[in-house]
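After this come two complexes, each holding chain A, first together with chain B and then together with chain C.
For the complex of A and B:
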């Protein structure tokens, strides 16, 4: 797997896989994604930052659970 | 005086330190609660006792009612001060305190519920003859109802969730088409965020000013105001600069505003400190917007012009005492300004958590309410406000001059702050002339 397939968090905060608690996940493991698709949110200081796919492909795996703490630079997912 | 022996502060940062300071001066012991991220924060050290209530996420610590109640019981706390934000306007928390015989320093759960609903608050204020923004009579029941009401009110209109807040559940509509496309989604959003799908319509006030009135009421139905605060300098519906008195009001307008605020508070039988928020239109007409049933972030400007300690008043009233002063004995003097220092980009407002490697603050001519010190970590989990800078002067011109001087002496390194924006505001001609509305930040070419 090449380095550019990794989606990293640009910020520290809390990671969410869905737009709001009662909504579906943005994307599930194994789903196809397009460059620019939102795959999750990072909440930092009450602001929400959309994490986007940087290439077309399939979202292979998430490395972080919904609603957990995340560090800047931490790996969120891989896209192949 | 029969104050409390021990008060738990269900909050963090600058406001926790602020409350601890007054408790100490009154000989009241304090309990801090903190999350793992705040283990080394100054407020934890300054309290007499401290209890860790969970992980960094507010939902699992500062917002967890049972953990806070548990901490209060373990430490034999008499009373809880909620500060602002977090659980401060949560009637469920107040009810739990009532059940455990712990005094909640604030109004009753019943009053909090009434004022927490914009629709019922509007209704109460109309009863008290306090003007509200022209709008629908109560809840809008259907799209047909909305369209019909809108035709009679005239566009543009705000479609608002009764339980909404912080800009969520609010939609500006200019036409029937926009109303039709916004209606279902606003109701749905209100239901999913606030568990209450009630919506209503209000006329849009163009070029509005946001002016609020500090009120305090005791259990013997005495109500006083502590004058107004002008809070129109906002970005994304959050305040950046506040001042008192408002440069917009003449004495006649001020008198009418303050009287209306007191009348509204008497109508609902409110107790403790609260803030009545009003919106002013271009012609100087004012309308009730909502009530904040707690201590405000910007309460220091009121303290600076009146020389009073609002936290002390809150503690006295909560312990059953009557108001320390009558209205005629409350005087204002000079002019006060507060600037909020945020850990965020001064132009994009993008948050910037991190370690404060340098924080140098002047000591003269200024009151500093800060939650952090040099070397502190500004956590990504909470509000970006790192401190409040408050100055006083004999008049507005000198207060602005003092603020400029103080801001120029502040040194912050390690993270991005809005310090440059605060300096820019103090230099701005419109601000200096007191000629600004809630559109001010947009007028600087910023997103607002």
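For the complex of A and C:
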């Protein structure tokens, strides 16, 4: 798998797949995504940072569950 | 002039701090990791209170619009000039048009960008440090934003030769455990003996609520001695009659989730502070990331002062090394 397909977290924190607890996921596995689409949030320093797709494609797989701890540089998902 | 093409997560202008106003409720702000900040200024020949950029977790993208001498110190957020990796802890020269960017954070949480001459912003209460909660100091009282233009100042004392590289012994070492030394007090007498013991026995995890104001930790509930609350204290067992909070003091509101108060924190209030991080270890605390674990170690004031003297010796050795 090429490195370019990986979406990595630039930050440590807590990862969320949805904008708020009562909302739908930003994107589900198998959904098409466009460059710049938000695919999740990382909570850190009392703020939320939007993780965006860096290319057009299909979101193949998430490697981290909603509301779990994430490290900087950890793989979030792949886009093919 | 330095143009901000991307501000990073939270990049602020900081100097040594707004010292001398704590008694009127103004926290010092200033660089969280003083050692890295100070060494950065030494490596570019600056006055040691010159303002630098404090970069947290995610680096900015900066374009230099004039030639400059810079140094990047602190945690490991690998810097690149025009896409090529450049070393940290070294005097670097950049040309007008060069672009400085950073890779993902590898170690630590913060790096400092020192520029020969310092970052020029207005002095507010004798400091250029940004205090975002009050919106004063630094760049209009806030973190950098895309499109900002930073002026390079004149706080340079001497020239430092390009390529001056700090030996490993003077660079931050992240191989050790995150042991943070504290001095017990002011209100540790309020904890039960068992809770006092548990506080030092266990590891505490840094939560997402960790920034320049304070670091909040997860672990276990701590318990206080039973008593009838005195006049002037709140009704919770973690309340005391208002007192000044030492910088680096750790309070435990309601016994859950200890909070270390740092550079931008409130200066006083009515919560029990159980111990205070020693000044040298505040630098270490500033380099601990969310989700990482720390252990607190109790030391006496003599050991804290000895650590401070050793710190000053190290800074002096760095000065002499760079001056050679």
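Everything that follows uses one rule, which is that the second predicted complex is superposed on the first by the 80 of 80 C-alpha atoms of A that agree within 3 Å, B and C clash if a C-alpha of one lies under 4 Å from a C-alpha of the other, contacts with A are read in each partner's own complex, and residues count from 1 in each chain.
Convention: a residue touches a chain if its C-beta (ideal position, glycine included) is under 8 Å from a C-beta of that chain, and two chains touch if they have at least 3 such contacts.
Treat the numbers as computed from the prediction; the structure is a model and nothing was measured.
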First (chain B), second (chain C), both or neither touched by A:58: neither
Contacts of A:11 with chain B and chain C, given as first, second, both or neither: both
Dominant toucher of chain A (residue count), chain B or chain C: C
Partner chain(s) touched by A:45 [first = chain B, second = chain C, both, neither]: both
First (chain B), second (chain C), both or neither touched by A:67: first
Chain B versus chain C as contact partner of A:20, first or second or both or neither: first
Set of chain A residues, in rising order, touched by both chain B and chain C: 11-14, 44-46, 69
Contact footprint of chain C on chain A as seen in their complex: 8, 10-14, 43-46, 49, 69-73
Of all residues in chain A, those that touch chain B in their complex: 11-14, 20, 22, 44-47, 67, 69
Residues on chain B engaged by chain A in the complex (per definition of touch): 55-57, 192-193, 343-344, 350-351, 353, 380-384
Partner chain A, residues of chain C touching it in the complex: 9-10, 56-58, 104-106, 208-211, 289-292
